[in-house]
Amino acid sequence: MNKEITTEILEEWLENVRPYAYDGQVADYIPALSRQNPEELAVAIHYIDGSSIHAGEIEATFTLQSITKVISLALALMDNGEDYVFDHVGMEPTGDPFHSIYRLEQLPSKPLNPMINAGALSVTHMIHGDTPDEKVGRLLSFVHEMTDDHTIGYNEEVAASEFETAFLNRSLLFYMKQHQIVTGSVEETLDAYTKQCAIEVNVPQLARIGALFANEGRDLDSGRQIIPKHFARICKTFMVTCGMYDASGSFAIKVGMPAKSGVSGSVMASLNGFGGIAVYGPSLDEKGNSVVGLRLLELLSNRYDLSIF
Amino acid sequence: MNKEITTEILEEWLENVRPYAYDGQVADYIPALSRQNPEELAVAIHYIDGSSIHAGEIEATFTLQSITKVISLALALMDNGEDYVFDHVGMEPTGDPFHSIYRLEQLPSKPLNPMINAGALSVTHMIHGDTPDEKVGRLLSFVHEMTDDHTIGYNEEVAASEFETAFLNRSLLFYMKQHQIVTGSVEETLDAYTKQCAIEVNVPQLARIGALFANEGRDLDSGRQIIPKHFARICKTFMVTCGMYDASGSFAIKVGMPAKSGVSGSVMASLNGFGGIAVYGPSLDEKGNSVVGLRLLELLSNRYDLSIF
Amino acid sequence: MNKEITTEILEEWLENVRPYAYDGQVADYIPALSRQNPEELAVAIHYIDGSSIHAGEIEATFTLQSITKVISLALALMDNGEDYVFDHVGMEPTGDPFHSIYRLEQLPSKPLNPMINAGALSVTHMIHGDTPDEKVGRLLSFVHEMTDDHTIGYNEEVAASEFETAFLNRSLLFYMKQHQIVTGSVEETLDAYTKQCAIEVNVPQLARIGALFANEGRDLDSGRQIIPKHFARICKTFMVTCGMYDASGSFAIKVGMPAKSGVSGSVMASLNGFGGIAVYGPSLDEKGNSVVGLRLLELLSNRYDLSIF
Amino acid sequence: MNKEITTEILEEWLENVRPYAYDGQVADYIPALSRQNPEELAVAIHYIDGSSIHAGEIEATFTLQSITKVISLALALMDNGEDYVFDHVGMEPTGDPFHSIYRLEQLPSKPLNPMINAGALSVTHMIHGDTPDEKVGRLLSFVHEMTDDHTIGYNEEVAASEFETAFLNRSLLFYMKQHQIVTGSVEETLDAYTKQCAIEVNVPQLARIGALFANEGRDLDSGRQIIPKHFARICKTFMVTCGMYDASGSFAIKVGMPAKSGVSGSVMASLNGFGGIAVYGPSLDEKGNSVVGLRLLELLSNRYDLSIF
């Protein structure tokens, strides 16, 4: 485990990448996200030995958005087993944008992978729970367990706002309902999904989740197996092949870390034998990834040789 | 005007094509359609001079389904004008199946034409009326005017059943809502659309509608202009280029009549200077067109040289 | 037959549409086409009674380009019969640009219709003849017969130049060779195709060809059946559904004539019971159709009610 | 480094997976490949400490086919630098089959990655050399250097046979030539590419190449840097995201090794800190991957925890 990175280094590098915050755009499709401050930056590293360092505005909270696709996948695998999950969602990366629908028209019509929206919606649909709130409650308990922090909840304003405007996700859900990939109420699945996406954390909490995946699914303090090792591995695999939207391939080459990004401007990376890294910087590039997040992870990877390849 | 076709000829030919009824399948996606009797066949010709002939079970009623796409287009053009309508739906044929969604993903994302489901849904959305029932009421009045028959209504069981299972159309509507092609309530537009599709007629009534389009939009008795000539022409053009789903090209070559089919097994053809032809035979080929309808129209076209080409 | 159109009217209207010549661009992918003068305009009408009128630079010659797709289809039908031809090329219009390749990837992989490049190449491949020159020789004889003018040949410079740069057509041919839609030498089929496209005429000659199609395939002087009526009809059907590239649908609505355009800026229309119309104006819109040609045909159609719909 | 795997284990496991050889099909598109014996199986491991073990028919030679896409990419990167290479070919995985062409139609039209055929052809085109033989000569020298075996050549019969029937690759090349992704002679680039694919090795040689990539590009004996570390890493990244055709995603989850397969039935895996693994078994699954190769690598990965995730 490489532990030469110091708080001072993190602070210095965060300043170095700060100017890039002006190269992108804060997500603006809902008011709550558009109000994010592009200058609010934070980074945290949680080592698998349990220690951690951080820099920037570590009190700042943000919604996890697409990063929850990894967490819900882990829970759906634990709820349903690998065979059931992959009967309903594929394993292959795709060169398409996350919102793409046309692939579903090709047979078999199941979503190509759990990181594009169609796939993530079908994963949320698989999480056990009779109601949206029960599903979300179970997801939150799972997050509480991973972070050892029972205060984490979801941002109701963000959830409500996304729910109201999620026409494309409704389109994807109805398309999958037509093809029996999902069943039951579209509105209920969407309710669970938008609440899931609105789960709110800060970078120290997020880095700890990344570290748990890096620690083969075991709790960092107690060593308890929270996610079976094989399922943690599946999640990290998807983080490599399709974690960064349709920039996953270039991210794998330039940075080489299993990582997942969200349109709130957050990124969670997870490195076996090292730990978890979380970055927050709400300014996004045209693919929907945090500009500052990409820069900082690239610097860290190159300087400390962190690529898994 | 070719009027050599006699009732006896129609009767004889209907018997000749009867065996083809067993080559196809009755639509089975909702119970009401699946109960249709594949042996129930009927044909009617309404000449533009107002006379008419028919054969088979002319009392049999059926829902118009996709044939209403032509009627709703005429009304939407009269309500909104040509420019507005074609700002929201394209004019080009497509080699895709009627339910296809992937084209919407290519920019600009408006539906390629008003005969595919996406386009027809956007057309229904454009019909004036504050509520679904007002839109449908106006459509029915329009049909009453065209047929001079005020008893025509819609089949509530079929409408309700289609509304309940129309997941794909909901998917298309939400996709278009995302891209601002439609606005307002998806459920309301779908309500209007499924009622529109469930408008119920018999072949003499349908042949009269076809004849009105053939008569440049003028009423067959009074000569009153019910549809402006230019809009009637637009409708007939779409019947040629995309009226028979993705078999429109081969139908144009083999039969050469402006025609529109519906999954109830009905077809309406409209020939300038001649009149309207309606066929009902619920057995469908794999493209969704009435097997008997295609056969009978091909026989008539070849024998009486009715192709417009 | 509407014969009220006079030479004076044609001359006046040609002047009226002249300004539109500056709204488009002359094709520039080969030097010979880019040298065309956008101000050189001509129009001719050949009535089915054998009389004709014209205006503009009627001595100007131009290469037929895609207009030959209609002529080669007629000859391929006569050489091989309808069944063989449509086993190798489809009948359905497509919303794709003429050069599109991706549809071939969908099974069955035969080209959707004979008016897109892939389909037209496979049609040329079907024309009888052991060598490219024999195929082209037979096509020229066919054109001589239709025009009663044995001086018509092909422009060698244009043919050679297109042959040299036809990378996309080679790509389409090799794709079809892989899928056994075409066999034998790609270079030879392309040789025949580029010479076919370079056949050079003026508007009076082209209008006469249009009139022959309008006259059910019979020679305008002798009444001899040069193209079987059914095959002439097939050609006119494709002119309606896919004759004007991916603007065929809007052309059908606005003009309503069976017509085929070429990137040299020429258009040939063919109206049953009326005759043939040819327009030349090398300035093209973004779909590849003559700007002046479209305008003039739209004016004629609207003023003299020439739409077939 | 895990070195508990013994020759005996390899031999036993090879017998265990032998029955799977009958679940697939030997490639049959050229005679030379169809003659391969599905029962001929071999496996070799080359550790990064330079030691090696093997089992099965290790004298059997086979052509590398798509595995050379990794090798040519390394050489093209060394010849042209990273920026130039990725200006001409993308970095993103794709859910499409290796032969797919339709993506090229979407702008920008460069191939999505260097592992699909279009991308690999453009990579070969970038290798320095005035003639096909010079390019292939340089590739062979590179292979000699990596294997320390100067006897390795290419199979002329396989190369000639593939060259003759490579219609799809010609289609891809002409498509890319149209879009200026490749320039010059299509036949020459294809000549170089088919010879490259016909490079012939046995499993011990192939395992050594895999080990060199695992050893950060350094020679296993001398420690000399044959491939810059960064370029070796790029190659391994593509092996993960798109090395196993459109089964790369499921392979990453089930096996988790950077690996590349070829239609001859060979697979090369490369594991940092461990070494290279080569398997040969010509029977292919429907995606084009060696059935026995996949099984054996999955067994090894699960038993010795070799996944990088």
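For clarity, chains are labelled A, B, C and D in written order, and residue numbers in each chain start from 1.
In this section, a residue touches a chain if its C-beta (ideal position, glycine included) is under 8 Å from a C-beta of that chain, and two chains touch if they have at least 3 such contacts.
Chain-to-protein mapping (UniProt): A, B, C, D = Glutaminase.
Computed from a predicted structure; not experimentally measured.
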Greatest separation from chain A - chain, by CA centre: C
Per the C-alpha centroid definition, the whole-Å distance linking chain C and chain D comes out as 48
Distance between chain centroids, defined by C-alpha means - chain A, chain D (Å): 32
Return the distance between the CA-based centres of chain A and chain C, expressed in whole Å. 55
Where chain A touches two or more other chains at once, the residues are none
How is the touch graph of the chains shaped: line, ring, star, complete or other? ring
Applying the document's contact rule, which stretches of chain B touch chain C when the two form their complex? 90-96, 103, 112-113, 233-234, 236-238, 240-242, 246-250, 252-253, 256, 258, 272, 307-309
If we count contacts the way the header does, which residues on chain C are in touch with chain D in the complex? 100-102, 104-105, 167-168, 170-175, 177-178, 186
